[in-house]
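This report concerns only the one structure given below.
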């Protein structure tokens, strides 16, 4: 216990020293590019801070530690406030104020668009939502929730009925026996030395049967036995193949994100590459 | 030069030897600790980055389709590029918007920039500063290119501007009236564009451009997106989506295609191509780990099998 | 009042949103646009509620010296600093200029962006550890997962990808054919699930979200 | 006007070019003709009517093209559409149709302030002018009118959606009523859902809390609403077993609703005193800051079980891997297709797509909820039947059936 405390103090001291070394050297680096002293000190600090936070987050991979905790908590506070400021200025001042009050519009220096009584409704609903903070009248906040949930439930019902259900059903109408029109080069190039036509048709059949079995897999009111069992088994196989393929496809892209971060560390901070 | 080569060889040897060591351990049925995997991934990305390993790329048809479309449109065609991504996704998709901006302007087309993501506006402005101001100093904002920025409303924005830009957009990002900009003469809606390009990987993105702009407006639409969302877009290719740059690989292919055709951009930065080195190595290491995982599973003895 | 009225509101607005889809008339469009605007505005009030919750939880930790209380102080510092900058002190606080405030921008560029991008990049590590742990041929399903993933990974590897044209074709086939079938089956199911759940909400059958009296 | 004529001339040449070399020559000679002033034949059979299935402010015009359009004197360059408020004028030009066209869609703005505003329920009169290369040589059609634009009260393009909505609603209400009357409805077991119950038991044994993540969806997202219901069941069990519960939220409204839900469950379980408002708290509305905070919770509180239900994006794998690192049992459910593979790979149990929506019904085993599951199954059966019919009709070339399912935007 004593030992680990000693180590963590040493590490802490090391981090502080490194921070200052980086700050000073980045400052002199910026100065040599002709930046005035004040701006160099500031930019040196900011780059060092960004690098420190980057490393703090990466250190999480080793184990949870105070530096990660620091970065995490700082991030939470800053980002919450960031979105609040953006929301306030863009929605509240941008969309709301210009429609309810000329005085406030003048105060916030946004063009007044004329009084619109209907914008008092969200104001009232919004205030009702804030009533939650009181335990006595907290229940009125449910009215606002009911408004939001009801409106969006109706909206989503139609949206998904049309785009996810009906149009997907219509997409399953593919010709299985007639000549194939092609879904693109991936497929039309497919030629395993047998007739391409056959392979294409096979693809269509796989899609058709795949959708069929996939739907059967999602049947809730039939036990997976007999025909249903076989079909749902095929369904889950196709699902698994798909999940594997999607995963494999993603690997590449995810690595590029790390490349971006390491490029920042190696180029912008350490200057190892250009 | 030779120094860095030695460094490269040594680093690769270390990675290789490490993997062999893990392989031998796995034959004894031992599991690899997570942190060791993390370490190897870190190394496999850092080494090519530090020693600048690159691979040559050949454009696949789906990427070529986009390149050829821009190449074959008559000079002065109107091409709209939408920045539908944020800073976190930028490493993967920014190379695409960068190289496509270069291509569009090098070919002499008119370029319209916008964004369906709030973050797209500043990324668009940054691209103007970084690419257009540097590589095309003679191009005039408002004549050869314009950035009209972001409007809130996701695909709703498309619903509107497919019939009329001016219902939503009255000015460009610099606050200049659209009607005062020569580039917006005769432009009423998205239908007046010759090509729509959406670069992004989330929602709203390429899919929404196809569904709400390209299809209803009958304008050719191309896209660039993160590798993860590309398979979701394949069903739209080629009938609704003319071509697609999927992930950094798509960007790298486009970059090499572009450099082949436009020799004057020989020393242009190739973030896509450059990123392929680390990607390739990290990819190999991940596959090696899958193999190692399976070996340790099979050699772990009966007791551990489920 | 406490429960019946909210349920009635859900029903009325839900049914209205369904009906308006079938009514192209201007009046229905007009109400529709208002409703959508309202939701955004109410969201701002909700955000205030959220910030309040964050402050209270953090402050409690500091006040009662709970574990890791010091870090909650860091959260509060970040929060208040950002708000002060976002409103540009008192100098300029009436206009959205706050968003252009020098410190606000720098906090965004040098604190938020680096951490955010780094968090995202952790995926590179996690995708490797997940692949190592899960892609094992321990059952038929796991083997299918493994084989499909390996084929696609090989295809997109610049070294192995070009080895055989069949590799490319198989990988493309996997991404086009079974992928399409499985996704379509999932989408149809999800679509139905959403429609059914939305309907239950509108009809007041599913009401967990309203709580109890 | 000159610019316009150039455009029209180009339009004229497009079909001419397409027709091949020979017709280009004829087109050339027709150009010479137009210089000698010969008025073309006017368009005939002009009709105007309100555009259907819209919000008004649009009128469709149809006509039979001029006899000289592509034939006869071949001097037609296009048609300009003119509108007036009285049959005698003055007429205002509304737009131009290319030669060969036989219709025009006169769409105005619905905004009163707009210069392009087109009032509904106002008598309009139209005429179509056949244009030639010479501005002064043209032929006007007869004036048609009066015609009014107006909005419709039902969009007939969307009747298929209406049928599905009503049909589905009917099956569901029927099944729910059947269930209420006490009919036994069979529903098979789902591994992922039974795991939820086991996981709560395990947490109790270990004396460790349960972490419930509602994802990044807003309270409006249906996936989140389904997740609330599951949270309600979990919280009730948690309250009964006196286990801890942690619910960090991404969206402030989601937090509000989740608080209501959890509080209600504690009351249901008869332990309102154990409910603590801070079990459900807001973190931040920033994706990765939220992830960073949840990761921290996982490693510091070491929950026995992590439950992820709702909408997830790129963070899915970060959460699931960190949870695996902390040694928690993990159960996930999302309808976000791109993220399902990561949950499948990294979690112990995953509810795929629709199973998330079914989960709430399973956990409750309430007849009404089971009834809706049955309705979903009937709808799926209908899909299969429709798909087979579609396949047969396509094969026999009877496209009408398939057309029904193409719903316009």
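The chains carry the letters A, B, C and D, assigned in the order they are written, with residues numbered from 1 in each.
As a convention for this text, a contact is a pair of C-beta atoms (placed from the backbone, for glycine too) under 8 Å apart; a residue touches a chain by one contact, two chains touch by 3 or more.
Since the structure is predicted, the reported quantities are computational estimates derived from the model, not experimental observations.
Placing every chain at the mean of its C-alpha atoms, the farthest one from chain A is found to be D. Across B-D and A-C, the chain pair carrying more C-beta contacts is A-C. With centres taken as mean Cα positions, chain D sits 27 Å from chain B. With centres taken as mean Cα positions, chain C sits 6 Å from chain A.
Once the centre of each chain is set as its mean CA position, chain A and chain B turn out to be 17 Å apart.
Separating the CA-averaged centres of chain C and chain D is a span of 18 Å.
In chain D, the residues that reach two or more other chains under the touch definition are 161, 165, 168, 219-220, 222, 225, 253, 256-257, 260, 282-289, 292, 300, 314, 337-338, 340, 342, 344-345, 352-354, 358, 373, 376, 380, 383. Shared contact sites, meaning residues of chain C that touch two or more other chains, fall at 18, 21, 39, 43, 46-51, 54, 68, 112-113, 115-117, 119-120, 122-125, 127, 129, 131, 133, 135, 145-146, 149-150, 153, 156, 175-176, 179-180, 183, 186-190, 192, 194-195, 198-199, 201, 209-211. Among the residues of chain A, those touching two or more other chains are numbered 57, 60-61, 69, 71-72, 75-80, 82-83, 86, 90, 129, 132, 142, 145, 148-149, 151-153, 155-158, 160-161, 165, 169, 172, 183-184, 186, 208, 211, 215, 218, 239-240, 242-247, 249-252, 254-255, 257-258, 260-261.
A complete topology is adopted by the chain contact network, contact being made between every pair of chains.
Per the touch definition, chain B reaches chain C in the complex via residues 32, 34, 37-38, 40-42, 45, 55, 57, 87-88, 91, 231-232, 234-235, 249, 276, 280, 282-287, 289-290, 292-294, 297-298, 305-306. Within the complex formed with chain C, the chain D residues making contact are 53-56, 110, 120, 151-155, 158, 161-162, 165, 168-169, 172-173, 176, 219-220, 222-223, 225-226, 228-229, 231-232, 249, 251-253, 255-257, 259-261, 263-264, 267-268, 278, 281-289, 291-292, 300, 314, 317-318, 320-322, 324, 335, 337, 340, 342, 344-346, 352-354, 356-358, 360, 368-369, 372-373, 375-376, 379-380, 383. Residue ranges of chain A in contact with chain C, taken from their complex: 46-47, 49-51, 53-54, 57-58, 60-61, 69-96, 107-109, 118-119, 121-123, 125-127, 129-130, 132-133, 139, 142-158, 160-161, 163-165, 168-169, 171-172, 183-184, 186-187, 189-190, 192, 203, 206-211, 213-215, 217-218, 235-252, 254-255, 257-258, 260-261, 264. Chain A meets chain D in the complex at residues 57, 60, 63-64, 68-69, 71-72, 75-80, 82-83, 129, 132, 141-142, 145, 148-149, 151-153, 155-158, 160-162, 165-167, 169-170, 172-178, 208, 211-212, 215, 218-224, 239-240, 242-244, 246-247, 250.
Note for the complex: chain C touches chain B at residues 113, 116-117, 120, 124-125, 127-129, 131-133, 135-139, 146, 149-150, 153-154, 156-159, 175-176, 179-180, 183.
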